[in-house]
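Before I ask anything, here is the structure I am working with.
For clarity, chains are labelled A, B and C in written order, and residue numbers in each chain start from 1.
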Amino acid sequence: MRSETKDLASLRSMLESSLLGEELYSLIRELYPICRSITGAGFRETIAHIGKEIPLEVHEVPSGTQVFDWIVPKEWNIRDAYVKNTRGERIIDFRRHNLHVVNYRGEDEYEVCIDSALENGSLTYGECYLPGESRAEVLISCHACHPSLCNDNLSSVAVATFLAKYLCGARLRYSYRFLFIPGTIGAITWLSQNEADVHAIQHGLVLTCVGDRGHITYKKSHRGDAEIDRAVAHVLKHSGRRYDLEDFSPYGYDERQYCSPGFNLPVGCFMRTPHGKFPEYHSSADNLELMDPASLGHSLMTCLSVFYVLENNRWYCNQNPKCEPQLGRRGLYRAMGGNRDEKLQETAMLWVLNQSDGDHSLLDIAERSELAFDTVHNAASLLLHHGLLKEVRTQR
Amino acid sequence: MRSETKDLASLRSMLESSLLGEELYSLIRELYPICRSITGAGFRETIAHIGKEIPLEVHEVPSGTQVFDWIVPKEWNIRDAYVKNTRGERIIDFRRHNLHVVNYRGEDEYEVCIDSALENGSLTYGECYLPGESRAEVLISCHACHPSLCNDNLSSVAVATFLAKYLCGARLRYSYRFLFIPGTIGAITWLSQNEADVHAIQHGLVLTCVGDRGHITYKKSHRGDAEIDRAVAHVLKHSGRRYDLEDFSPYGYDERQYCSPGFNLPVGCFMRTPHGKFPEYHSSADNLELMDPASLGHSLMTCLSVFYVLENNRWYCNQNPKCEPQLGRRGLYRAMGGNRDEKLQETAMLWVLNQSDGDHSLLDIAERSELAFDTVHNAASLLLHHGLLKEVRTQR
Amino acid sequence: MRSETKDLASLRSMLESSLLGEELYSLIRELYPICRSITGAGFRETIAHIGKEIPLEVHEVPSGTQVFDWIVPKEWNIRDAYVKNTRGERIIDFRRHNLHVVNYRGEDEYEVCIDSALENGSLTYGECYLPGESRAEVLISCHACHPSLCNDNLSSVAVATFLAKYLCGARLRYSYRFLFIPGTIGAITWLSQNEADVHAIQHGLVLTCVGDRGHITYKKSHRGDAEIDRAVAHVLKHSGRRYDLEDFSPYGYDERQYCSPGFNLPVGCFMRTPHGKFPEYHSSADNLELMDPASLGHSLMTCLSVFYVLENNRWYCNQNPKCEPQLGRRGLYRAMGGNRDEKLQETAMLWVLNQSDGDHSLLDIAERSELAFDTVHNAASLLLHHGLLKEVRTQR
């Protein structure tokens, strides 16, 4: 138990001092030129690239497959596209940038060519499953279907890829499932094909727009007070940085599907600046310049902090519930004039002892005491070690 | 269902452009000179006048009848009353105004005469019942016992009369019951004589002081979160005008009786400036000049908007609860760059689909989404038409 | 019922005009020089002194007794202690003040002597039990183990002593138990030895730091909304003085033990300036000069006001629940133009009648109506006298 925690904790601090953001940025730069769409070669090439970084199962769902109220569409592939002026110059050129438009002026005649194919094929998605001690799982979902747009959504593809990469090496309580899917139809397809197993999803995040310079915005799941919602809110509150919490609404990204009433999964949406609120949104200006390596690193670190809370949140019963136990004879009482950390630790132990009636988790206690989850968790670990706590359940 | 809604909706907009306020004012002017009291000829004359406008059943309850803790009083009728000075001039003259006092000064001797009779008779009240599809009913109650006072309470008598007049012609889901009663003893008498049937009252409003220039004040029922309380609050919130919401208190008008613990009916009190908060209150200055036709019309329109919410509030179940249904192939998805109304409509459809688990009414959804009830109701009608919703119950 | 109330009410007003504060101050002055510790002669002498004022049972619990996770310690007695300089002058002298340090300077050699004994003996505490009509009890607990420190905690010893003294003469609904104990180990010992009976504790206060010039601070019990928490909050709200309410936290005084999860008793902590928030805290400057007789008197009066609420809080059922009863024929309706008190009384009667459905106590009604408990209680007494209320239970 405690050792897993250490793994994640030390991982976090290691990452903090690394050039993490730059690595994320590099992956985005590599993926940027690929011409993605919801189906087809571009998407497949993107998935293949991610598969070089992490263990990735690639799924192909044939066009025409019924997925709930929808049908998997035909594949769309573009071979070439341009607008030429009368001098034969390509003033709009797909080969240079799949959203490219060059400056031009004056009246002229233009030759327009779009050489594409729409035919039966399949919808592709990538899935990375990291088994933990429990089959209960944490879902991380991002859409990877947008053309050369960085914040929406290569930023999240990169963050999800690196999250998976780092978690691969850690001992985990939960299993983690990463989905790289086309937006909307991909989430619907995945839910349709995995309907029998979605009950295992205990917590989830849709990641999107996590690379710009704005502060973090978290949109709560439909439930509003799910453990994931409270874990993210807690981490953000103690981050010392500006952030926004938004209530659920049924428009946005794939949380729409995960939170539809037939599933109502505890899945929130983790962003920096939300869609439509940055001027570059859905334009060719959502490019590499918009990407901030420090923000990318911070987004990833924040997700790890959230997972740290989920991994370590527990319900305990005080084994000495009548009056306080004598901390002194167990060496748990700070010396006179103890330093600030010792005082915090003692305060945290008193909170954990007072609140651990089996109905309050460590996250509940952190919220009520306004102490950081770390502090509360460390105090609980000490008390557990001294036989003063007993775990009563691992989740609600 | 939908057609009833249209009836009410078109009724509302028709009224908006009419000279409605002037009609209300005319009725007040006609009723103003009548000398009313809780019993007797004046009250009876008033009821007779209202009966010319709407189908009204007139009840007479004999003096001496026990009504709960009270006894129906003797009838009080006044034939003449004056104060004369030594020159024989009437300086206070009931025949000129039943609250009349003329200026006078100096010392003098006065002749005082009050020619009245207090004798067995009956308590009169008028009742207008408009049957709807359901026996569940909406109660509208106003006291009609005050002498020549306009805001308190001829304004409400007029608004209630015209509400009944217009609803007469509409197809209604609820039945509507209008009471024109003497204050306190009238409500007690009616409750006592109809005790077995009051369970049918699902929503109710006491109307009073609805003709002055002040903004609307709504005092919630004792329950505080009854559907009527939330419907009124919703309409006021979306009205774009100033308003006040007050918590229930056990003084005021006949909501005191309807909300007594033995009944605890969902009946709030709908006013403009509350009793005691306008200087003309309970004085001869509460006269025709205090009446504002535009305010009278606005009070009536607001009541109709509230009834519109009550009539159309429903609980639905999403028939495609797993992921969103495909709105596009049903023609329900706005074209790219759709106008503001189309976007609102689509947003409202997504909210209705997401929230319709059978436990959330359209009013719940309007409150959570902060959309107007109209918008939510229109979206639900479209979805219902396309088989995407099913009604699960018509009220709590 | 009513007569007890009068006893307490008249007691309060009698006290208000007395020189109460000076009496409290005198007791503190007498106890100040005694050298107290958690066990031993000083504590025993203090208890003996209190025992001259009120009926006090003295308990001795032998060293070595197991009390939950703790063991009653050996007794520590100090006979003499000093630091002498080379001229034989005592520059620190226990006999002058048990926290005494005189000014000195320069380098010198010092003779240090602490003549004390740590040996088997017992832990002493004093208990004053005042039986009331019911065995349900109110606990008042204060620690009496600090050396010559006035605010922490002779102030509370004095207030508790005088509370007991005055309640001795009153007819009481609840039984009252006053504990004069050493901090922490005393509370643990008492709970350990009385575990089978603590269920009788319906309400409780830990008293501490009640003699300084600051405003009252009340720290809620762990439950947070216990009747004691609401009674104190109500009294403070209507006091017209500044005050602070604090949420429970598991550090502070003996409420830590009473509110530990194995007991979770409804015990809050009543203070003026909390520990650590006045500069004299735990220093020799916490002396007689810090004590303010007016504040001591005000602390005691406020506790009595809280007990008044507890003694008189009741749940009633309106015996005329259908519509309002006729107050007029019972002489309960104010005359026209009644004075402010009559209007308040009538308003209070209407609130009590409206809310008395058996589920709302007089304190609930006082909170909802924002009327003072006194006013609500007086109204209820009148209605009870006229048969309009019936008591349904005496506590939750």
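We adopt the following convention: a residue touches a chain if its C-beta (ideal position, glycine included) is under 8 Å from a C-beta of that chain, and two chains touch if they have at least 3 such contacts.
Here the structure is a predicted model, which means the values were calculated and not measured.
Q: I want to confirm something about chain B and chain C. Since they are copies of the same sequence, is their interface symmetric in residue numbering (over half shared, so same) or not (under half, so different)?
A: Looking at both copies, the contact residues mostly diverge.
Q: Nearest 5 degrees is plenty: how much rotation brings the CA atoms of chain A onto those of chain B?
A: Best-fit rotation on C-alpha atoms: 120 degrees.
Q: Using mean CA coordinates as chain centres, what's the chain B-chain C distance in Å?
A: Their C-alpha centroids are separated by 53 Å.
Q: Residues of chain A that contact two or more other chains, please.
A: none
Q: Could you please specify the touching residues of chain A with respect to chain C in the complex?
A: The touching residues are 318, 320-326, 347, 350-351, 353-357, 369.
Q: Any idea which chain A residues touch chain B in the complex?
A: Against chain B, the touching part of chain A is residues 67-70, 184, 187-188, 191-192, 195, 222, 249-251, 256-257, 259-263.
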